[in-house]
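Shared between the two complexes below is subunit A, which pairs with subunit B and subunit C, respectively.
Presenting the complex of A and B:
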């Protein structure tokens, strides 16, 4: 069998972070280089903050036929470091594949904290995005890290798609990308690392057709309380009781209904459900709520 | 002892629903179903039938109201025809997937355009895949009996599926003929009260019609398919029980004069009766001709079909609908598929006829059978032929 020149990429981000846009821009750049490429999202209900996936396939010579989701990637991108604690970044990763992570941590630290022995490419995309763009949108920075780590497209060919997409803002995004190309640190594939097969459906305790309730009814209603919507947040509210005047506005405005009164009459968010929208901080008349980055 | 009365079939169908103690009726009138639902409205209005009658603004709403009624565990009945059945279309899938044993009489009628209020099976065939149990009847007595059976089949805990009873518009619905309405006491004994296992109940809430993501949808659909396939056992059981209780026996494919028949004609619905007369005549003339009457359309009776064609050399199938641009008649193409690859296959010849209320007379059937035999021997330039079209 000849070795396929196909590169398969899986993006993990959160709704609103631009994972889908990243994949689209990468595909456009590759197509601009005369290659064959595709980009598509994991089709699911759109929710800002919820974990989302997007996919790329790039082949320099042959048209791409497969339309299924990428389950054996060569490259995995993690746009939000908090996702590492809720998903397996290396699931299905091919032998020699690369995991690219937006993190401030060192290669050693990431290996230690998350047990990833695959090839790593780490970039502090939050800092670069904040300093270069003035906003915490890391998609273009992550493309830079990918160019550095894989060379699957060039920094030159991405410029045109950036200009078309971002107009006046293209220049700053190109700057962010170029900084990422420079600053991305690489940790090579370790001896011990093994390619991982993706779990087959049904192996995670999912129901067989024989176990489905009549009409697919849910006989335990209200089970949404078990869903940790708190996983969606990238920022969390911190309440300063010294400033709080107990006006209850945050309690009423929280769309998640996750703010409750404490014993002493102050207010606090239940971080299991808080989605990090920041509405409470905006509405608080005493500036008693500060949104801080979820650092992990 | 019950006795035969001269009744309009539509009225008798409504009476059968009343004898079955329906709790809710929701319907929108459409020709030729109108007399069924009008009579039910009368029965409710004059207090003879203790049920809620929900008048609605369309068939889509009628079926939606039926979903709600069935969800709380009410025995639910409706009726429609033609364009009305098509307007319900998307809701029909919900009824079967949510496993609500609604019973619906369909007064089979052609589809527009041109507007035709007369009978054929175009409306049924467009709802072939909606996941309901579907039964064809050929006379008023069968309509009455099968409405009563339908509740017991659908409500059986092993089944929990909606049931359509197909009766030809006008040719059946508007005919006055001798019908024996069973005694209420006997029906009560045959048909136990409906107990839906997971009804909507504020004390014990359930979620119905939730979101089905790709990881679960396939499993749900497979469970539904297996459930419909397996319902055949219960259908047979119910017909058998009905036979014991009332002396009239039904089966998925009924055979008429098939002993030693080399040529078989397969029909559905009321035209089967005229076809029987034609078969009798041809038998008298010494021709080895027999008739198969397909009563159970869904779940499709594969074994019974294969069993019933064993000694036949030619099988002629009459469809009363066209699958446009396709293999001709939907019934014929399913029959062919069911027999394909079998050890002994008859030559299958497809006809489409009886569209939009066009009669097929006794001699018409004879002509069709003779032409079918000719096609089987010498072939035809077409996949199927249409009967009785003017050149």
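Presenting the complex of A and C:
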């Protein structure tokens, strides 16, 4: 039997960023080339802004029978650089696999900051998307980086799915993609890189059937306080106590309920929960709250 | 008594609905639940129909509720609440549990209320159970990906009422759920919006204190489904009220009372133009919507003046 040429891809993005759309487009392009392909998202109740995953399987020769989530990918795509600090990008990565990251950093910097010794493909997708599309939607740009790094599909075959999906906006998206193909920097696989755990990324200790209470009772009231929804945000509120008149409006209008009174009677957000919606900044009558981009 | 809608001071530190829930960033419905929970207090049992607020508050094995909470199906929040209330009453009567005046509160979305759960709700209201039913209205099935419900307003584009060359989006007018509740002759019906947080908390507290069935209809913006920036979720709710699209009023034993004295309604276009789901509307359609909104609002004003209650200035 010949070795299967199956390529498995895992996308990491945030809800609403277009990871699922990207995966679909890539699969359509592969099918257009006469290959077999799959695209599907991970199913979970996560919402806009939350870390999400999508998957691709592409096989040039034979139909794909497996339907499971990809936990040992050949390619990992990170659409939001902030995700790197909250998840293990290389989890389950196959030997010789590639990690594609949307970042302004150089190969050396990424290796140093995140300890990734796998093959790297880096692209400043934020800048490309902003300049070419005028909006910060990086999914099509990331496809360009993937084409450059893996060649699993060609940049010709992606054009038709783009046109079908985006209509008159296809042209600009193709431009962004082509720019990404040109600008993506590759850092080769280092010897010390070894495929690590087989654990699924983003899940921790799920309960077995023996541990679940009868009737699925949850016996710890309010235990969602353990969930760090602060990971979702791409910007955070900053409070200027000099302007604050302690009116309590931010406290009342916070959907997370994460704004609390400080000792001096001012108000401040608990960034462990804050999802960065910006309601407090909009509603503050004294403009004491400003939203700043999460620096990374 | 005049209802003050603004004012400083934390009313209660109580947070029966905790952070860590997985609602979208900027979800006004999560805010509505949080405020309502503050007003409900700790002495209550929540019955939650399927919908956004059930999914985001209970990713097993976590819960965002500090008080007893039970998940029901889409259609039977009111029926389960009836059962819980009747069971409690019976246990108290038999001395199996001390009398603590525990309040039963049913929560459901606009789909769970005005479409799927309507007959269960009607039955519960008619039987006169001592419970509060809160409808969290974000004007479509947002949990499953923005499908239209009967509470979706005219002209809104959703995935099952998409706007296009031949379609202007939703082609029916929003079902008037509060009026249906009023028609059951129950002691208390109110509409609220988290943008008017004090008003909302006051109304929920009043509903909880009312013996017999009470119905509170809360409009809450959904940035994901209404296609607006998360920052504007509160602003949009305020505009819904000020344009008369969603007037704030109470009906106590059949007596209507408008809560905000709006001398002049803002043009409805201000509200519609903030949202991507209405982006395709032409000036003619907006005019059509304006006429309908004014007409409905005047009906309410007439009902309120017949009831002789004066609205308090904003």
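Quick notes on this structure:
Definition applied: the second predicted complex is superposed on the first by the 249 of 296 C-alpha atoms of A that agree within 3 Å, B and C clash if a C-alpha of one lies under 4 Å from a C-alpha of the other, contacts with A are read in each partner's own complex, and residues count from 1 in each chain.
The working rule: a residue touches a chain if its C-beta (ideal position, glycine included) is under 8 Å from a C-beta of that chain, and two chains touch if they have at least 3 such contacts.
Predicted model only: the values in this text are computed from it and were never measured.
In the superposition on chain A, A:50 makes contact with subunit C only, not with subunit B.
Of the two partners subunit B and subunit C, it is C that touches the larger number of subunit A residues. Contact with subunit C, but none with subunit B, is seen for A:278 once the two complexes are overlaid on the shared chain.
By the touch criterion defined above, A:207 reaches both subunit B and subunit C.
In the superposition on chain A, contact of A:253 is made with subunit C only, not with subunit B. By the document's definition of touching, of the two partners only subunit B reaches A:215; subunit C does not.
In the superposition on chain A, subunit A positions 44-45, 207, 212, 216, 218, 221-222 are in contact with subunit B in one complex as well as with subunit C in the other. Against subunit A, the residues of subunit B that register as touching in their complex are 97-100, 160, 197-198, 205-208, 210-213, 215-216, 218-220, 222-223, 226.
Of all residues in subunit A, those touching subunit B in their complex are 44-45, 201, 206-210, 212-219, 221-222. Residues of subunit A that touch subunit C in their complex: 15-16, 44-50, 207, 212, 216, 218, 220-229, 232-233, 246-248, 251-258, 261, 270, 273, 275-279, 281-283, 291. The touching residues of subunit C, counted against subunit A in their complex, run 8-10, 15-28, 30-31, 34-35, 55-67, 194, 197, 223-224, 229-235.
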